[in-house]
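Two complexes are shown next, each including chain A; its partner changes from chain B in the first to chain C in the second.
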Partner chain A sequence: MARIVIDQVRKSYGALHVLKDFSLDIADGEFVVLVGPSGCGKSTMLKILAGLEEASGGTIRIGGRDVTDLAPGDRDIAMVFQNYALYPHLTVAANMGFGLKMRGTPADVITRRVQEAARILDVEHLLERRPRQLSGGQRQRVALGRAIVREPAAFLMDEPLSNLDAKLRVHMRAEIGALHQRLGVTTIYVTHDQIEAMTMANRIVIMKDGEIQQIADPETMFERPANLFVAGFIGSPGMNFLSARAQGGTTRLFGEAVPVPPGADGDVTIGLRPEHIEAGPGAVTFMARPSLVESLGSEKYIYFEAPDDNRPPGFLKQSEEDQRGSRLIARLVNAGPVRIGENVTLSFDPARLHVFDPATGKAIR
Partner chain B sequence: MAGGRFSLDLARPSRQHWLGYILLAPAVLLIAAIIVYPLIVSVDLSFQNVGIARLDQPRRPFTTANYERLFTSPDFWNACWVTLKLIVVVTSACFILGLGTALLVNNRFKGRSVARLLVAMPWAVPEVIAVVIFAWIFDSSFGLMNWVFLSLGLIDKTINWFSDPDAAFAVVATTMIWKGYPFVSIMSLAGLQSIPEDYYAAARVDGASALQRLRYITLPCLMPVIGVTTVLVMLWIFRDFSIIYVLTGGGPLKATQTLSIMTYEQAFSFFRMGYASAIGVVTLVICVIAAKLTMRRAPDNL
Partner chain C sequence: MRQSLPARLFLYASVVLTCAVLIFPIYWLVVTALSQPDQLRQLPPKFWPDEPRWSVFGKILEERPIFLWLGNSALAALGAVTISMVVSVLAGYSLSRFRVRGGQSLGLFILTAKMLPATLLVIPLFGIFRMTGLIGSMWSIILAHATLIIPFTTWMLKGYFDTIPRELEQAAMVDGCSPLGALFRVILPVSAPGLAATALYGFVLSWSDYAYARTFLTNAQGNWTANLGITTMKGEYISNWADISAASILVALPILVVYLFLERYLVGGLTAGSDK
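Here is the complex of A and B:
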């Protein structure tokens, strides 16, 4: 167990900077999730932390010890890989005890610690099997087991759930969370899935193009995104964006006057989360004509066009799977029947609005 | 049928397996004609007292004399011993060299593709040409090897490579190793490239040294490839004829006479084809047993 201090770590291949001045102070026992789209540098950071790749600059301290140029095996860390990296020729028990064996731990100690870890992860009955005889979820547990038998100062996890099917992923997510609660070992977890980040993390680090966008706990990340990228990345479905002109603390949205923070002046981008739009009249009420209605049973997603005056800016790139042009989404819980093409009354609370500077993308508060 | 009298609709579910048989037929027929039939003939011959085998002659009476003679002949046991020695020496040296070079050229470095080509080169040289080159290298009067050994001060008078039994065996083994290791290298390299990078990353995080990674990851992951390759190299040594025949002809004093050389000599120098067939059949049986034993071990490791 240890505090990890990453100070201005950089990585570049020639002129290509894949990681720019990454600094992060991780408290002992904290669960930190690095999240971002592919190519944002999160996996590179983890590999540098593990010692599998060399940093171009900066320092890393684990438990007060400078490990920047230490071999992976000397850093007192354990890593869980995306495809588990279980050795096919070894039994589950031998896989889990491999790290201890390499360190010359006596055989009886290895057996005891493997048994202990197997009990925690509920894989005791699988110890004599080979990895290929296991299901995906079982392999995942064994991979976790291999990490915990070492009793390291920190766990590094590289998208450990992305090879599992959706249901199992939710289950293992909860298990990893519980395991962290139980062991209290500092954990750094890399994922591209914002839901994993939101559900598991004590603190989230959102990255894009090798740069940290925001470091915050999940609540803050959701409530007070620092910029447009974070606002669009966190939340599902993603935040709606509208463009507007602000003057003297007000702007016009859906034809209504809406108060905005005094710092906003001139062109602004307004963010409004789908779940903050409600059915029926409210503080700011407007009519919308749904072009698509998706019912998930407990809730409905209503798709409708943004008014002409508030068309979202064209330059605004949302995450790739979430390209929806000028369409807005409202996420309604317990709404009555909604039909395509029939006007519905919707409303929102202006206090829920997020205001961004369209030039810099930064939040205006 | 709509397509005319000769249309054969192989796409029908009930005929799906036909295409397989049709495609297999030429190969099966060819193998039957050039391998299975001669095999049966030679098994048959081995139980007859035949000088020069002729298919238009009537069968000679059944006898086990060839086998009785074979198992009591010191020449046969000598050939077995020479073959075994060659297999052990050449196979292990081929594996040390082949694996070593494969591990080397599996690293990333400048000129890697050239290095890979050079490693594989001996494989591309025709066997007889390689043998002639080695015969020159080991020539007792003008050969390179004697000069090198003399210059290094390892010997004080030239070695007569082809008249000393031990030296002749060494020459044959060296030539076979040179010719045989690239195959092991190529196979191992293919095997190495199929080992996921993550295994090594995980092992490094687990604190395994380079040697431990070789011992606990690389070698076990290569076991299937090594198993198959061992069998193929072994069978190659069993059947190889040209290297030994051109270099030493089996001599001196039968020091390099393997089972295949002995078979050839009995059949085509002494025209004892029944006897030669018996040697061939015994060789076949040994090969099958050796291959079985080697192959059975490999899958257990994975």
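Here is the complex of A and C:
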């Protein structure tokens, strides 16, 4: 177990800057998730931590020891790969014991620790098989087992669940969580799935283009996103964005005067989460004509056009998961019947609004 | 996949035809070996001799030092393959894994070397071996064959290593291996089928050589390889084709044995299951 301090790590491939001044202080036993879109440098950061990739600058300390120039095997870390990377020519038991064997651990100790890890992960009956005789979920467990038998100072996991089907993924997510509870080993987990990040992390690090956007616990990430990128990244369906003009602490949304933080002046981008729009009248009430209604049983997603004065800013790329285009989404729970083309009354609490500077993308509070 | 009857008939017919074309020369070799020398040129040809002359094998083994030749061929092939495998495992692995300045052009250079006909190198090699006093020794043929084999095996192995996920040696390094340790403990065991196929290929290249042996070993009778030995059986005025065919069969057998020995590695899909 160990504290990990990453200090101003940079990585460039020629003129391509893949990581820019990455600094992060991870407490002993913490579960930190690096999340961000594809190509933002998550795997690169993890490989630098593991020593598989050399940083162009900066230092890394694990458990108070400067490991920046140490070989991967000397860093006392274990890594779980996206494709598991089990040794195909070795049995499951030999796979799990390989790291200990390389460190000269006596055979009886290896056997005992492999047995123990196998019991924790429920793969005892598979120990004599080879990786190709295992299912995807079993391989995943063996890969985790290979990491935990070493009893390392930290676990590094690079999208370990992305090769599993949706149901198994949810299951393994809970299992990794439980494993972390049980062992308390500092864990750095990479994913591009914000739901994995939100459910598993003690702290989330959101990255974009090699830069940290925000470091916060899941709740803060959701409640107080630092900028437009984070606001749009976290949450499903993603946050609605509206453009407006603020003056003297108020702005107009849906034709109504709405209070905004005093720092907001001139053009602003307003964020409003779909789940913060409610059916029926409230603090700020407006009418909407749904152009699409998706019902998921207990909840409904309602798509409607934003008023002309508040058209979403064009520069914002909307969430890829939904087809809202320039429309807004409301997520209504236990609402009455809603029909396409028939006006409904909706409302929101202005305290739930997020206000951003459209030029810098930074949150205005 | 289900096919219509005509399609299947066509498929089987092609298979039979292909096999026939491939096997006929071998069949004819056997027929020639077993026929009386004076029956060889008769018309119409006989497709199986009336009295197969099985004694021909015993006769040529007595008359010619076939086992010595086979031993020399084996020594040359084993030596050349050993050198080639050591060199090309390291070279192929570096070409596959490391991006170094000039690595690309080096790889292309090796590829070009592969395209040159082997005979092109006979004269320069002769010069080199003359200077170093290796003409006539087994080393000349071992080294010459290695130069022939290495470009091929390096590229074959590079291609094979390219199919092995990098994460495998990264996992090994996190587990405490040095880069070379990862190569020997993980990559090579996983590559067993590729190594076997490559070694077999090199073995066949060396075994089937004639030009090098003819140039470097002609004056050292004790070091004649099988191919060189057989051609000396072809006299200037009389050639006993039955004997030559019988000797050729004996020389082809070891390749068959090596193939059977390596077959289980060649077929194995050992990398399956390392990842998803």
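The rule is short, and it goes like this: the second predicted complex is superposed on the first by the 358 of 365 C-alpha atoms of A that agree within 3 Å, B and C clash if a C-alpha of one lies under 4 Å from a C-alpha of the other, contacts with A are read in each partner's own complex, and residues count from 1 in each chain.
Just so we're on the same page, a contact is a pair of C-beta atoms (placed from the backbone, for glycine too) under 8 Å apart; a residue touches a chain by one contact, two chains touch by 3 or more.
Because the structure is predicted, anything quoted here is derived from the model rather than measured.
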Simultaneous placement of chain C and chain B on chain A, clash or fit: clash
Which superposed partner A:87 touches (first chain B, second chain C, both, neither): both
First (chain B), second (chain C), both or neither touched by A:136: second
Touching partner for A:77 - first (chain B), second (chain C), both, neither: both
Which superposed partner A:362 touches (first chain B, second chain C, both, neither): neither
Touch count on chain A, higher of chain B and chain C: C
First (chain B), second (chain C), both or neither touched by A:102: both
Chain B versus chain C as contact partner of A:163, first or second or both or neither: second
On chain A, positions contacted by chain B and by chain C: 50-52, 71-73, 77-79, 81-83, 85, 87-89, 98-99, 102-103, 146, 150
Chain A-facing residues of chain B, complex: 196, 198-199, 201-209, 212, 216-217, 220-221, 223, 301-302
Residues on chain C engaged by chain A in the complex (per definition of touch): 165, 167-168, 170-178, 181, 186, 189-190, 192, 270-276
Chain A to chain C touching residues, read off their complex: 47, 50-52, 71-73, 77-79, 81-89, 98-99, 102-103, 130-134, 136, 139, 146, 150, 163
Residues on chain A engaged by chain B in the complex (per definition of touch): 50-52, 71-74, 77-79, 81-83, 85, 87-90, 98-99, 102-103, 146, 150, 156
